[in-house]
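Okay, so chain A shows up in both of these, paired with chain B first and chain C after.
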Partner chain A sequence: MATAPSDYALQEDFVASEQYEVGESVSLWQDTWRRMRRNRLALIATAFVLFVLLVAIVSQFWTPYPIWKQGVGPTYQTPTLKHPLGLDQSGRDILSRLMGGAAISMEVGIGTALLSSVIGIVLGLLAGFYRGWIDSIISLVINVWYGIPDLLVVIMIVVITGRRELLFIIIAISITAWVNMARLVRGQTLSLREREFVEAARSIGTRDFSILFRHIFPNALGPIIVQATYLVPSAIIFEAFLSYLGLGVPPPNPSWGAMTAEGYRSLQYAPHITLIPALALGLTLVALNAFGDGLRDALDPRMRR
Partner chain B sequence: MDGVSFHVDRGETVGIVGESGSGKSVTAMSILRLVAEPGRIASGRILFGDEGKQKDVVQMTDDEIREFRGNDVAMIFQDPMTSMNPVLKVGFQIKEAMAAHERFTPKQARDRVVPMLKRVRIPAPEDRAKNYPHQFSGGMRQRAMIAMGLSNEPHLLIADEPTTALDVTVQAQIIELLRDLNRDLGTAVILITHNLAVVASLCTRVIVMYAGRIVEEGPTRQIFKSPQHPYTWSLLRSIPRLDEYQHEKLLTISGLPPDLTNPPPGCKFHPRCRFRVDRCLEEEPPLGEVDPGQKARCWVLMRNALAAQPQQAGQP
Partner chain C sequence: MIGIRPRAAAAALAAGMLALACGGDNGAGGETMAADQTLTFPIQDDVETLDPGHVSSSVDITFAQEIFSGLYRFDNNLRVIPEIASGAPDVSSDGKTYTFKLRKDARFSNGDPIKAGDFLYSWNRAARLNDAYATVFAPVVGFDSTAGGSAQTMSGLTAPDDYTVKAQLSEPAGFWLTELALWNAAVVDEKVIQSAGEDTWWTKPETLIGAGPFKMTARTPRASMEFAPVPGWWGGSNGTMTKVKVQIGVDQSAAIKKFEAGGYSLVGMANNPPSPDEILRYRSDPNRSRLLTIYPSARTTWLGFNLVKGPFAASRAGITPGRPTSGLRSDPGRDGREAFSRAIDRDQLVDVACVKGATCSKATGGYIAKGLKGYLGDNADPTARFDAAGARAEYQKWDPDGSRVQGLRLRYNTSATNTQLFSNVQSQLKSNLNISVELAPSDFPTLVKERKAKNAILFRDSWGAEYDHPQDWFSNLWTCEQAAAGKGNSSGYCNPAMDKILAKADTEQIDQAQAQYRQAQRLMIQDNYGSALQYGNQPYVTQSYVKGAGFNSLYDYSWMNIRILKH
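Right, the complex of A and B next:
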């Protein structure tokens, strides 16, 4: 039963003499990037998203013509060398407005994704971790909120308050968009809180706050980021839709949705006014979704194929 | 769990053995008040500290219990593969364990990480501290867990089946490590296991549990030499030994542990006991002293049973 001491001495020598190869530390993000690079569609999508972001930033400092300046050329003009994407019904340069629209779309998309993620993550963590009556209340709110059409809520908020500046639009969309994130985080937290490393952390006296943000949150980060990237395109289309209905950012701000709506009236003889922003919107949404898919596959190698 | 009462002295190593579901882990979890949801501590006391100024864990506030965990008592778990946070570096996690209590300043905590890893004999500790858990082997992870548990210099380390998930050779190293740490640091150890060999090589005292009760308790040597409860006796006879009973068949304990939501009347072991008498079916025996330092919960006791039916010893 009891092993002779000499055996243990032998093992110690063994431990001491063995040459250990200490592997280089590959961080999660290096690893993710490595896998993402192999996915061509995701790579193209990433490049496109980065391009739109770049255009959005550039538009804040420079556009070929001032965004809201009317009559820089003949109205309804089709693309020419001077105006590569043509002019709209007020004689404004569509390329310039498209660039400005990219900025608005990106601000709405990213702003909403950040704001609603924060709301969703905090509520989801609290509900999943503490359970009990906190979870009951939060889950009830989630379920009720889930049953009400988002668009209705946002339209009501915008109409009732009558405020249409960009930040307010972001807040209005975020109020409806946090629900999915909260559900996701709650589910992740429920499963992670039962994991042994959480119990181990608790057994050495770690505070609840540390357990939540050091142990549970980072382990749920992959799905959270993927969910957040999907929030961006859904917020962009939401804003475009609001603008199309005339409830988005007020003119003459060049929202892609508003541009599409304005051109709709002259669709028969000047289709480019509608088609160009619609195409930009469509491509950006596809790229963002493909980017999200690629990120999801890269973050969770087990889920691939 | 009912009527479980035991003590651990400063610097002592106590083994708790028993089969799955006998309440070993729940006992350990209760000490830290970590019993999982439907379970709860209905009554009882868990005293910790020097004679005269003991604190009752059951009465502690949430803040007190948090300070108590890790600072006074640390715990290491069965499966080192899942006991570490996969997204944080090992060194960082050990540092976090110290940061959870104000015993060390942040700088001291940082400086203690590598010596702690060295103390649990992790080779190249400077490099290893920067690794993620998945880059560690199972044995190394269990060592790192031990380092984490000991980082706040607790008085008591509860090891819940620390070697069950490991290779046999690595098991021996971990047991050796626990023994040395117990000797060098004076940390008392409660070792929960169903491996009797581990108990024999590490523990000074052993507690045998069955169906949520202590059925036998005493110094390891004495228990191994002359077990008095039939369950302990059967357990010891059910493992192969090189030195004794070479020509005998190994004993099996027939049946299953009782359903604890509907326990049998009388002695909880009687349905599986080959030495039972009528009294066992009706009345639960108390945990009585049978030899100096040794207690058993049995009406019959093995010394009487073997004297009465000597053929039973060799005829399972």
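Right, the complex of A and C next:
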């Protein structure tokens, strides 16, 4: 006798694992949270990301020492009770600067994710929904944009304009970061526009704008959110790299990338100046990626397999 | 007119000669010399020129001083001592005529004898070339027309006989003897230059002929140079070195790596110091720190204030550059300048900006750098004493609503060191006076242009001495003449009373003039001309078996002093 197809077996596993009560009504987010709770790594990552966010918010009101203040103690001082993470080459408190750096990283990460998502969503929706020449043009732009090294584009923008304000850095990174989102949304839209609920909306005369933003967009939200969470760490590492090159937010703003670069030259003598921001950056990136993975799995359990 | 005092000049030189006779590090007793007396060291950039008439960079000076000799030279303590001159000059009572007697045994490294005519040729040539250091001969009658190209020779220079040089000065100049110890006044061989070519004679070892203790034996441009002591040098012993090898194109990091592998005798000569990071590493390691020596170098950096316009000006209405900024009925900018100066903790400054004080030291003794004549002494500048509370009170009185310093920009030329230095100044002003000053870095020519035009309000100013005489600082930086637009007194500071003191001091020998130069500098401090921040340092790392190498605030010690011990 032939065995059941493997897909069938997987589906059975899936249904068994969810253990829903008959008649229980759950929203998308409640469902997502239930799944997230079962993923321990994602939970730890979420907690860490929330902690970094909290630190970033607190740093806007309070840090142990002003982040710009030099000479709060001897330069290159290793961690002490007074300065738990030590002092840098200018005698600035590393803990305070790390807190300030968290704010910059989060602002860049979230700001870039939001801005590039807006660009990508709008273009992706238009391309996927209207197809034809609009799709051709947008797809061409996306493909061309893919071929250009994004780091080079950002460096050129920053160097040519000479602008290094945080908002400008966010805009510069967003200009290169929207293509993945646009591609994803276009694909989702192409698929959703053929579904029955869209046909139904169209048949009763619903306008395109309404179909796009009230019917297609909400149904593509899961993958969009997952993609957006991945944009956050990539923007953070981008900004850190720019700052490492001296092209990021200007001093004395404590970008983690700049902090890593500033301490690099005294690595042998005072490794804590480089290692602490590098560790913070690394952990935050790992946490954001793990959070994104967890969210992806929770929003679309099939992806886990 | 104030007459120069020949006796004082003679006494100073005699003291120098005595020191030379008694001093000397050569062959100190009890030392066991290594069989190989080869000195090796790296430099990053090749020499630009070794023609004394053109030499001006620190790298070139190091080599020019070993290859060439003049009437006088500096010893390790920056004293002027006779070299080809047989002693101190005979100076007329009006201080305007100098008569130099030459040694009769002096020769170029090719064996050509050195006579008075060679000095006339060399000095006239240097004046004609009119390069950066031609002004050494500015006091001589006829310099302007020679430098300007309308005359071939300076009419004030004569040679009564083969071994006598006579110089007629247009004004008494007590500093001139010091200037004559510079490389620009060295003697060059006319025969060689004529045959090898004006522009190329210095490029080849066989035609690079001087009268100094060493001669070049090999040169591969941008790769290496080799030198050897001149056999039977007319000046006597030229030390124990048998060879000096210079590797070119070595960056700071590679230099230290090779030094640690024993490939170099030292790193730091010819103004090629180890990088700040390496200095830090050496300081933190007890074994390595013994190899590191920090010498004061003759540079002062200060925070300049514009005295002719802006919030720090000596008059609210502004002052035409070149007009007096001192001795006015009131000076509305003075308290602000003083508050800024007292708000800066120089201990913190050198810790942060100078690799824990390795690459500079705090400036607390006036504008003339430590180690030079004219230095006022540690803590002699009251405006350099850190007093945050006092400074803040003074500032609040001067600018209660902060409007005077709104939008204030601190201008400096971009470099890692300057960025570190002025970001600390910015931090301290914010911390101690609650003032937000914007940093405005630019390239050096832009900064100089803005400063000379008296457009910069708050700015980096700095001077590296060319010779050990206060006149070098005052004449170039702080007189009313220099305060005019387009000239080097960036602040526009003009104190006629100080100019009067300087006019007298410049005519006298340094021993008599020192007190007057100090008095002049005190007037500047009293006027809060600028806020002295730091004096330069010159770090060296030297193998433990290499002795006698070092730096005398202005120049590297002569190779004649260096010995390689058995190791």
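Assume the second predicted complex is superposed on the first by the 279 of 305 C-alpha atoms of A that agree within 3 Å, B and C clash if a C-alpha of one lies under 4 Å from a C-alpha of the other, contacts with A are read in each partner's own complex, and residues count from 1 in each chain.
One rule holds in what follows: contacts are C-beta pairs under 8 Å (C-beta built on N, C-alpha and C of every residue); 3 or more make two chains touch, one makes a residue touch a chain.
These numbers come from a predicted model, not from an experiment.
Ranking chain B and chain C by residues of chain A touched puts B first.
Touch criterion met: A:P74 reaches chain C, while chain B stays clear of it. Contacts of A:S266 after superposition: chain C is touched, whereas chain B is not reached.
Of the two partner chains placed by the overlay, only chain B lies in contact with A:S210; chain C stays clear of it. Residue contacts after overlaying the shared chain place A:P252 against chain C, while chain B stays out of touching range.
Once the two complexes are overlaid on the shared chain, A:G91 sits against chain C while remaining clear of chain B. Contacts of A:A200 after superposition on the shared chain: chain B is touched, whereas chain C is not.
Contacts of A:N219 after superposition: chain B is touched, whereas chain C is not reached. Overlaid on A, the two complexes show chain B and chain C touching no common residue of chain A. Those residues of chain B lying in contact with chain A across their complex are 32, 34, 66-71, 74-77, 79, 82-89, 96-97, 100-101, 121, 123-124, 127-128, 130-132, 135, 145, 148-149, 151-152, 169, 172-173, 176, 196-197, 200-201, 224, 241. The residues of chain A lying in touch with chain B in their complex are 1-3, 7-8, 11-12, 15-16, 18, 20, 22-23, 25, 28, 195-197, 199-207, 210, 214-215, 218-219, 221. The residues of chain A lying in touch with chain C in their complex are 66, 68-71, 74-76, 89-91, 251-252, 265-266, 268-269.
For chain C in complex with chain A, the touching residues are 276-277, 280-281, 284, 345, 348, 351-352, 356, 420, 423-424, 427-428, 430-431.
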